[in-house]
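In this document, chain identifiers A, B, C and D correspond to the written order of the chains, with residue numbering beginning at 1 in each.
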């Protein structure tokens, strides 16, 4: 009994971690800037590639992952300056622009670095509960997902940047009147979103095949989580990940992977039908 | 005489925040009524409730003798309600003419449509701007265009949300004139307004809202004379 | 329902009442009046110069097969099959302001429906065209139910985009695993990810032997005719009262509703029109290549129509039509000659378009032309 | 030119009378001049690129070698190469172009079965000759298609009994949830039953799924002796790393991995430890023919990451076509098919001898049992030579008797005549 309860919890936590890590960067960019970033998967790929390259160059895992996140963040800031900044007032056009970036990044990586890259093994080994054995690393991913949410909460509610960023989002004219350099805030926000995508890539790099198209494995889940969550990262993405991870873990457990995927997508349709502005829109209803 | 607009026990809250608390309101046909109160008093929320953009938690709304609480916004409009929003609600990418055409096309067509549009343009003093893109108009002209769209529906009751916001004194006076002319033809008018000069120019009766409740009601002179009102509102405004 | 006109006394001084004024009343425009709408206010390209150009373009397209080789004609016909989906999306997104990311759901549904119908019943007696109508009708019914769910649920903006995307991804995922023999409708195996084959091309009944429309000159003319008819028909629709309201909703949904319009109904109408056209594209594509696959409902396939429409200029039908054909041709040419770099160049093109021609490439060029003319005129005076 | 042809035939297993050759050779006195145009539609970008760039290289190497040796029938080979970007629509567009505008004599195209099905109607419309060189789920019985890759009966009839004998009778299958995976799983099920084993679980996984925690747990619960992993695509390949991290440790068998996607080179050991694959070629095959082949390949493409089975198949396909044209004496399709139907089209390939079965137009192969060690080193404990693609023929597909144009499966065989 106990092992199977643990097994379900593990599956739930595993799905939760994947959704949170995949979606956090996208959620910040969408929630704070209204930008729909179809190149999200490529930031993840960037993080994964840099992480693996750094690890192969001899850096310890945590430092390598930090490199991956940093690289993706820098690329994000550069792209924000060159492209996204000019599109902030027409968010739907960011779909086309970021899709263009995504095409360039995927195919450019293929041309420059080749069709595939040797991976690095998953560290930390395994442990057993009852008849099942589990990867320690995946438990670590769950812990990191939770820590990430806490960290983001602190960043956006307790730091000067966070307060400025939220002010910029809510009342842009007021923020610039108060002397906030909104352009810098936007660049930083996009950079943080991109860095979080890079972090997801770095964290999952040891567990996945490294190919230029690897980002697509994250993108549907990430979008689904963000949309179910609505505009707010903490009141949206976190509860959305809980709900969706539960649905997914349960459906996979009962009916297999196909229904895990279909169940996830149907859950989105139902949640949005009931709560047209996502979970955070519902939690924050009326506060205008 | 049946009230043109009445509410009974109207209530709306978001969690613990009440934007309307047991509002009993009534205004008579042909009246120009102003709704005033400090920021956050619930004036705009009251409009949203009347228009059906918010659903009340309790209470009922009556329009021209019939209950409209359950009606959708567009159904209320079809009963003879019309509104000019606070931020000019016009179709900026379209011409002034097209804006009015969209307002009128379900009622008229062909030459009579064109004639009606021309007359409405003359009424709101935009005859010279018919081919202009609405987004290129001055702020005051945009307000007038929206008033033109709102009245072209020939409403029984016109709701005006801060009709003179951002207008020059000249424009404000002109707007007041329009309101009076409409009222003389029998249109009832309910306006939310901050500009007390304008309120004094047009209002026959005034309702003061405070924290979602009706705080005071009366003629403009009574309200101006009411010290409690001055305390919560006029005092702060000065 | 009584209209505002019945409220006798309420009437501003300077606005006289007009006879016959109530909501139920509809003045007949007459045939010519309707045709006049083709010019109307919501579409770029008006007046004698534009229409002369239009006639010349049609004539050129008409004599084009005389000069082009077989592949080029068949390939151009293939480009035409996609334009219906693009023009439909222009109506939904460009005119009604609702971004649907899932038009491929209708594309796939109709494509499979055409396959199932024609594999089971065959192509005799012009049945392929009946199948076309039925398949498009199915898309329309699906659009009606999905659209009711979406628009009457007040779902809008990016949420609408993701829900429609989810729908098309559910269909893709489901169809991909229908490989087994148990997944068959009559004689038609759905055949999973590998895709369904074996349906006939569109076939015209003809005394002395039916004419199968392989991708060749007859199919080219059929699709060219359909495309022009669809283009002109949609121009009339978007310039009609219905189109006026769509544009009003796009510009300011609250205002449109506060003019007494039930905006949900209009959005639903636009969604059904656009989705039926996506379905039409699906049928034509399936008949063109005798093949339909779950892949055509996937993420990449779903993003393509958005790109075509955005690059051309979504808020205008002419721009959408020209833009779509242009993007299809350029992307294919890049694939043929650019080899590995094709996708990179495509991405760069999209970026440049969005950054430097925000309203779309074609509208951008039109704007530039108008600006230059104005400059010249000013220079002369 | 004759010398080259007899050279092949001399070493072929099915040397037969020269009558057929003389017949077809006589009718085709070079009605076509100029080079022989071979169309190549293989993905150089998109999701399959990792496994398919080698297919382009293989064709280029074969063409270069044949041209250096004087061409086919004295005519040069000219390759017409496009990149369909792993996109079925591009396959359709480019297949039309290559047949209608470029007028190729034969076309080599496609990695995924979906891309093959997308172009097959077009090939049939133009009545062209189409070589599909990839291993696949089998069953295509089409007069215009020559499928030279390995099919399930060749890979599973060897692998499954060996695995059960070596590790035990309890088998668990995880397979990609589409045609290839489902049909392959059907073969495994059948062979396990025939061999007296037991299926303890079967799980189908949608393409593109990359997270496998629940699947790993299900496998542990069933505790099989053998795990058959019929996973496809780079996302699903993530299973191995995740299974290794969870210390699954069950011997694995597959028909897809290693030989196509060279996962043993791409993943850090020990992700693929305990994997067994039946392949008709991998770079590590150490016969003299293979060593020479690798040397020639690396001379032409020094940066090649790995010479995989699809690359070799593409190379061999060109040679098989060349052999058929040499025998036919022309590139005219019916004559080439007549040559194939003699049953004598063979080539001594790097893997060993490959011959085309006239009934199904599929190829016989040497099948290597590839075993992956703890450190991802390769050993080959068993080789089966001359394994025939028997199923289609037995099921009733005989293209020498009647033309078909369909794909059949064990649960949906050809209709009885």
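Following the convention adopted for this analysis, a residue touches a chain if its C-beta (ideal position, glycine included) is under 8 Å from a C-beta of that chain, and two chains touch if they have at least 3 such contacts.
Only a predicted model underlies this, so the values are computations on that prediction, with no experimental measurement involved.
Asks: In this assembly, which chains make contact with chain A and also with chain B?
Replies: Common contact partners of chain A and chain B, which must touch each of the two, are C.
Asks: Among the chains here, which has the CA centroid at the largest distance from chain D's centroid?
Replies: B
Asks: When the mean CA coordinate of each chain is compared with the mean CA coordinate of the whole protein, which chain is closest?
Replies: Ranked by how close its C-alpha centre lies to the overall one, first comes C.
Asks: Take the average of all CA coordinates in chain C, do the same for chain D, and state the distance between these two points in whole angstrom.
Replies: Comparing mean C-alpha positions, chain D is 41 Å from chain C.
Asks: Take the average of all CA coordinates in chain A, do the same for chain C, and state the distance between these two points in whole angstrom.
Replies: 34
Asks: With chain centres taken as the means of their Cα atoms, state the distance from chain B to chain D in Å.
Replies: Centre separation, chain B to chain D: 75 Å.
Asks: Hey, what residues on chain B touch two or more of the other chains?
Replies: In chain B, no residue touches two or more other chains.
Asks: When you check chain C against every other chain, which residues touch at least two of them?
Replies: In chain C, residues 173, 177, 340, 343 touch at least two other chains, as defined above.
Asks: Which residues does chain A have that touch at least 2 chains other than itself?
Replies: As it turns out, chain A has residues touching two or more other chains at 107, 110, 216, 258, 261.
Asks: Where on chain C is chain A touching in the complex?
Replies: On the chain C side, the touching residues are 99, 149-150, 153-156, 158-159, 161-163, 165-167, 169-170, 173-174, 177, 299, 303, 306-307, 310-311, 340-341, 343-344, 346-351, 353-355, 358.
Asks: Name, in rising order, each residue of chain C that touches chain D in their complex.
Replies: Listed in rising order, the residues of chain C that touch chain D are 69-72, 74-75, 78, 173, 176-177, 179-181, 189, 191-195, 197-198, 214-215, 289-291, 293, 295-296, 300, 332, 335-336, 339-340, 342-343.
Asks: Which residues of chain A touch chain C once you look at their complex with the stated criterion?
Replies: Going by the criterion above, the answer is residues 30, 36, 38, 83, 86-87, 90-93, 95-97, 99-108, 110-111, 216, 219-220, 223-224, 227, 258, 261-262, 265-266, 268-269, 272-273, 276-278.
Asks: Okay, in this complex, where on chain A does chain D touch?
Replies: It comes out as residues 7, 10-11, 14-15, 18, 107, 110, 114-122, 125-126, 131-135, 137-138, 206-211, 213-214, 216-217, 249, 252-253, 256-258, 260-261.
Asks: Looking at the complex, which residues from chain D come into contact with chain C?
Replies: 44-45, 82-85, 87-90, 92-94, 96-97, 100-101, 113-114, 116-118, 120-122, 125, 177-179, 182-183, 204, 206-207, 406-407, 409, 411-412
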